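Below, chain A partners chain B and then partners chain C, in two separate complexes.
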Partner chain A sequence: MMSNSIMENSTLIADEVTVRFGGLVALDRVSLNANLGEVHGVIGPNGAGKTTLFNVLCGFVKPSSGKLTYFGNEVKTLRPEQLSKMGVSRTLQGLGLFSRMTVLENVMIGGTSLTKVGPFRSLLGAGATVTEEARIKDLALSVIADLGLSPFTKRLPPSLPYAIQKKVALARALVLSPKFILLDEPASGLSNVEMDELGDLILGLSKNLGVLLVEHHMDLVMRVCSTITVLDFGRVIANGNPSEIRANPIVTQAYLGEDVTI
Partner chain B sequence: MEESTISGESNENLVSEIPPKQLDQAASEKIKLPLWRLPLIRNCGIGIVAIALFFVISGHLSLYRNYQLAEVGPYILALLGLSLLVGQNGQISIGHGALMAIGAWTFALFQLHTKLPLAVLLILATLVTFIFGSLLGLVAARLRGPYLAGTTLALALGLPDIATRYRSLFGGYQGLQITQPSPPAFLGATFSAQQYLAVIDMICIVIGIIIFANLIRSKTGRNMRAVRDDEIASRISGISVQKTQVFAFAVSAGAAGLGGALLALVSSNVSPGAFTLTLSISLLAGMVIGGTGTIAGPIWGAFIMVYVPQWATTATEKLNLNQGIAANLSLGLYGVLLIVIILLAPMGIQGLLRSGFSKVVLRRQGKLSK
Partner chain C sequence: MSNLGNFVLIGLSNGLIYSVVAICIVLIFRSTRVINFSQAALAMFSTYVAVSLIDRGVPYYLAFLIAVIFGFIAGALIERFLMRRVESKSPLNAVIVAVGVLITLEAMAGVIWGATLRNFPSHFSLIGIKIGKSRLGISPFDIFILVVVLVLLGALVFLFRYTKLGMMMRASAFAPEVARLLGVRVGRMLTLGWALAGAGGAVAGMLAAPRVFLFPNNMDAVLVFAFTAAIIGGLDSPVGALVGGLIMGVSLSLIGGYLGSDLENPGAFLILVVVLMARPQGLFSSISERRV
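Coming up: the complex of A and B.
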C-alpha cells in the first residue's frame, strides 16, 4: 500500500523524457508534473509533440530516455492496458468509439478490467459471469447518467450527434475511476455552446482527479487550466499558469506569431 | 475569475461535480438472480429440451433423412467457430477446412490406437484443435487483413498434404477408416445407426451453441467485439488485444475441430480429399449466407452448404443432359443461388429474418406505417 504522504503529493511526472522516431526527435527532454485536482494543459503548434507526450504518458510510446513516474513508481515499461488498470485513462483524438456496439457496451468496455472472470469461465456462463456483468453494467449506467447520456444507452455511436459521441468516449474513460485522465483535443468539432459545457465538465472532473488536456481552443485552455506546458519542436518552451503563459513573449512569438494577443 | 471557477465556490451550480465511482463489492454480491435466470442453468435447460425434441422428431424420420441431418451437423459447428472469429472478433480465416482436418485426424488416430469412449474422442479432437488454434492465433494476432487471409490460405492448401506425405501414420490418399458407433442397447433394437449419428451431432451442436451464446454475452465476447471495432481504443480501455485475438482463434479452432471429428464420424472415413481448399472457401460462403456473427446463422449456412448443391444436382439431372454439362451446370446453379441469396439478404439469412421480425414488432406497436 502507498503511504498517505505519497498520496498527498501524488503526481504523474515525466522527467526529461526523450522520444526519437528514427532521426526525428519528437520529444526532447520534456518534463511535466501533473497533480491530482488540477487541470494541466499541454499546448503548442501542430507537430510540437503534444500527442506523442500523451502517448508516452499512457504507455503507447516507450521513451528513448527519461523517467516516467506515477505515484512514486517507475512506469516507463508498462503497456497501455496495464496503466489503464492503474488509473491512467485517456480519450483519443477524434472519437475512437466502437462503432458497431451500443453506447452502453462502449462504456462497459471501459470497466472491462474490473472483473476477474477469465475467458474460460465466460465459456461456461457460470454464476460469477452474471453478477460481475451486472456490476459493470450498473457502474457504466451510473457514469452514463452522470454525463446525461441515459437517453442514448441503446443507440449505436454513429447515429448520434458528434458532441454526444465525444461524451460517450469520455464516459468510457471514466468508468474505471481513473486518478488521471488524458483528454486529447476534447473540444474539436464542438460548437461554442458545447465547448462551454465541456469546460464546466472538465472543471467538475478536476475536483476528483488530475486532468491533462491537449487542446487547440485557447479560450477553453485559458479558462480551465491551472498550469499550462507549452511545447514547440518537441521541447518545453514555457510552463506556468494561464496569465504567465499569456504574458510570456516566447510563447506568443513561437506559438501564436508576433502580432497576435491572447 | 478563473480561480473562482476552479475552486467552484462562486459557481457551484455551473460546475457540477462528477463523483468518483466506487466499486461496491458488497452490492455486487447481493445481486441474486433466480436460478432459472443463471445462464448455465437456463441454457442447459433449453439445450436438454432441444435435444429431447430432436430425439423424438428424428425417430419419425427415414434413415436417409437422419443421415442427411447428420451430414449438416459438422458444418454447423465449423461455421459457429468461423462466425465467432470473423463476426465477433474481426479476424479472417481461409483455413478452417484445415482445422477441421486436424480434428478429424485426431479423432481417427485416437480411435485407431486407443479404446477410449466416443465422448472422450470428441473432446480430445476439440482440445487438440484448440491448442493448435491457439498457436495459430499467436501468429494471427500479428497479422491483419490480407496477410492473415494469405497465411490461413497456405494452411488450407498445405496441411491436408501432410496426410499423403506421412502415409503410414495418416493413411495417405485413402485416409483412415472410422468405426461408426452402434447405438447403445438401452435405446432399443429399432434405433438406427443413422438416428444415433444425428443425435450425437445434435448434442454437440447444442453444447457448441450454448458456449457460443455464453461467450458473446460475456465480458470476453464484448472485448472481442471491441478489438474488432478499434484496436487502439481497446488498448486504452485496458484490453489486451493479443490475448483476446488468440483466445478467439483458439475457441474458433476448437469448434472447427469438433466439426471435423463429427464429419469423419458421419462419413466413416477421413481422407485429404474431404478437406480441400474448396471446403474452407465454402465455409466462408456458408458463414456469410447464414449471417456472420449470429447464433442461428451457422445453422442456416450449414443447411445451404449441404442441401443447395444436392438440389442443384437433382435439378440438372432432370434435364437429361450429358454428364459433363450436368455436373458443371449444377455448380453454376449453386453459384447463381448464392448470388441471389446475398443480393436479397446482404446480412445473411439470419439478418433478413431479424429485420423482418423487428418490422413486424414495430408494425404491431404502430410505430411503422404500412
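Coming up: the complex of A and C.
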C-alpha cells in the first residue's frame, strides 16, 4: 500500500468538477482519478461531456466549481501552457497539426515548454538559444524515430496518409516526455490493423506515463484500459474495470440507440 | 536612358519601401487578423526620434539603429498595453484602437516636433547615378534602400524559416489554441510580432523620409500604398506583400510619370478596387475561400 502523499504525487485527480456554459451544465460534479502507469478510459454517448472533461483537464476550460489536483498541486487556475510545462500533454480530436510546417517542425513545437531562453533574448541570437534548439531538435528526432516516422521528417502533414498524421500528432504530444497524456479519439479514421497497432502503442506508453483515453471504438477501449469512467449527460454513471463496465446495465442503457456494442 | 526605364527603376525603389510596410501589415494580420493602421504613425514617430538625434550630432547609422529599437519597443508596448485589451473582442474593436493610436501618435508628433514640413537629411546622394552621359533614375540612396530591405527580408526569412522562435510565432498565428496546448506562450508571440512590425516600420520610415519630407502624417500615403500592396499579395503572404509593394511602386511611378503625379493616389485606389473585384483573395494567398 502506497502512502497517501506518494499516491497523490502520481495522480491526476478531478474532484466534483462542474462546468456550466450559460444555462447548460456540461459537466455535473464529475470526479476522476487517473494514475501513472495505467490507461484510464473515458467513454459515453455523443455529447456526454468527454471532450469538455479533457478541456478542463488541460486548462482550456475553467471549471465553475470543483477541484483539480495534479501530483499533489491544485491546478484549477493554470493555463494550458503552464500545464504543458508540468507534464500534461494532449492530442486533439481531429489532428490540429500545423499544415504549413514540416513534420519535424510540428514535433519541435511540442517541445516548446523545454525552452528556457525567452523570445526576446532568443531574438538577439543568444548562444544558449542555438544549443537549446539543437537539443529540442534531437529530442524531436528521437521521438520521430521511436514512432517510425523518420522517413517523413521533412514532409508537410497534408501530404501524408491520415494514420501517419495521427502518429505525428502523437509524437508532438510525446516530445516533452509528459507524465500524463490525454488522447482524444486517437483511433478515429484508422483501419482495424492500424487500430491494433495503436493499441500496442498505447499499452507501451502506459508503462512510463499515465494515459487518459477518450474513444468510441469499444474494442480498443476494452483492450487497453485498466479503468473506465462512463459519462452521460455530463455525469459519471459508472466507474470500474472493463468487465465491470461491460456488465453494468446502466451503461448499456445509456448507449441504447447508439451504434456501439459494449 | 529612356524615361520608361527610369520610371520603372524609381518605382522599384519606392516599391521596396511599400513592401517593407506591407510585410509589417502582413506580419500582424497573420497572427491577429487585425489590420494595423497605426503602422504608418509608428514609422513616422520613429523617424522623428532619429532626426532629432541627428540634429544633436548623433551619427546617421547610430540614429537609424536607435529609431529601429524605438520602433521595436513602441510596437511591443502598444500590443501589450492597448491591443491586448481588445484581443478577445470583435476585430473591429482592435481596428478602432489601431486608428486611435495612429491619430494619437500623429498629434503627439505635431506637439513635440511641430506640424510643419521638415527636410530629412539624407545620408546618401539622391541624385541619379551617372553612367557614361546618361543619368540613371536610381541614386546611391536607392542602392542603400535595396541593401537595407534585402537585409531586413533575409533576417525575417531566417527567423521564420530556420529558428524555433519563428516556428513558435508561425504556430501561434496558425492555430493559437493548439500552440498554447503545446506550451507556446501565445501572448508573448503577439507582443514580439508587433515589436518586429514596429521595428520594420521604423526602417520604412527612415527610408521614406528623405523623399517625402517629414511631417506628422507623411507616412499616411505610404500606408495606403502598402495596404494595397498587402491586399494584392493576399494579406497573409510575406512574399506576396513584397511583390505587391513592387507592383504598387512601379504602377504608381508610371502613372505619376506619364499621367501626372496628381493621379498617383487615385491610381492606388483604382488598383485596390480592381484587385478586390478580380481576385479578392489576392494574387498569392493560399486561402482561396476568403472573401472580402
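By definition in this document, the second predicted complex is superposed on the first by the 248 of 262 C-alpha atoms of A that agree within 3 Å, B and C clash if a C-alpha of one lies under 4 Å from a C-alpha of the other, contacts with A are read in each partner's own complex, and residues count from 1 in each chain.
The rule is simple: contacts are C-beta pairs under 8 Å (C-beta built on N, C-alpha and C of every residue); 3 or more make two chains touch, one makes a residue touch a chain.
Just so we're clear, the structure is a prediction, and the values are computed from it rather than from any experiment.
Engineer: After the match on chain A, would you call chain B and chain C a fit or a clash?
Structural biologist: clash
Engineer: Let me test your reading of the model: by the given contact rule, A:50 touches which partner, first (chain B), second (chain C), both or neither?
Structural biologist: So A:50 meets neither chain B nor chain C here.
Engineer: A:206 in the overlay: touching chain B, chain C, both, or neither? Say first, second, both or neither.
Structural biologist: A:206: touches chain B, not chain C.
Engineer: Let me test your reading of the model: by the given contact rule, A:40 touches which partner, first (chain B), second (chain C), both or neither?
Structural biologist: neither
Engineer: Which partner reaches more residues of chain A, chain B or chain C?
Structural biologist: More residues of chain A are touched by B.
Engineer: With both complexes superposed on chain A, which partner does A:105 reach: first (chain B), second (chain C), both or neither?
Structural biologist: both
Engineer: Between chain B (first) and chain C (second), which, if any, makes contact with A:167: first, second, both or neither?
Structural biologist: After superposing on A, A:167 lies clear of both chain B and chain C.
Engineer: After the superposition on A, what does A:143 contact: first (chain B), second (chain C), both or neither?
Structural biologist: The answer is first: A:143 touches chain B but not chain C.
Engineer: Touch check for A:217: first (chain B), second (chain C), both, or neither?
Structural biologist: It touches nothing on chain B or chain C.
Engineer: Can A:80 be said to touch chain B (first), chain C (second), both, or neither?
Structural biologist: Both chain B and chain C are touched by A:80.
Engineer: Just which bits of chain A does chain B share with chain C as contact spots?
Structural biologist: 58, 60, 79-81, 84-85, 90, 92, 96, 98-101, 105, 108-110, 112-113, 115, 119, 122-123, 129, 132-133, 136, 172, 176
Engineer: Within their complex, state which residues of chain A touch chain B.
Structural biologist: Residues 38-39, 58, 60, 79-81, 84-85, 89-90, 92, 96-101, 105, 108-110, 112-115, 117, 119, 122-127, 129-136, 138-139, 142-143, 146-147, 172-177, 200-201, 203-209, 222-224, 226, 242 of chain A touch chain B in their complex.
Engineer: What residues on chain B touch chain A, complex-wise?
Structural biologist: 2, 5-6, 8, 14-24, 27-29, 31, 33, 37-40, 43, 210-211, 213-215, 217-223, 225-226, 228-230, 232-240, 247, 251
Engineer: If we count contacts the way the header does, which residues on chain A are in touch with chain C in the complex?
Structural biologist: 58, 60, 79-81, 84-85, 90, 92, 96, 98-101, 105, 108-113, 115, 118-120, 122-123, 129, 132-133, 136, 172, 176
Engineer: Quick check: in the complex, which residue numbers of chain C touch chain A?
Structural biologist: 159, 163-165, 167-168, 170-171, 174-175, 177-186, 188-189, 192, 195, 286
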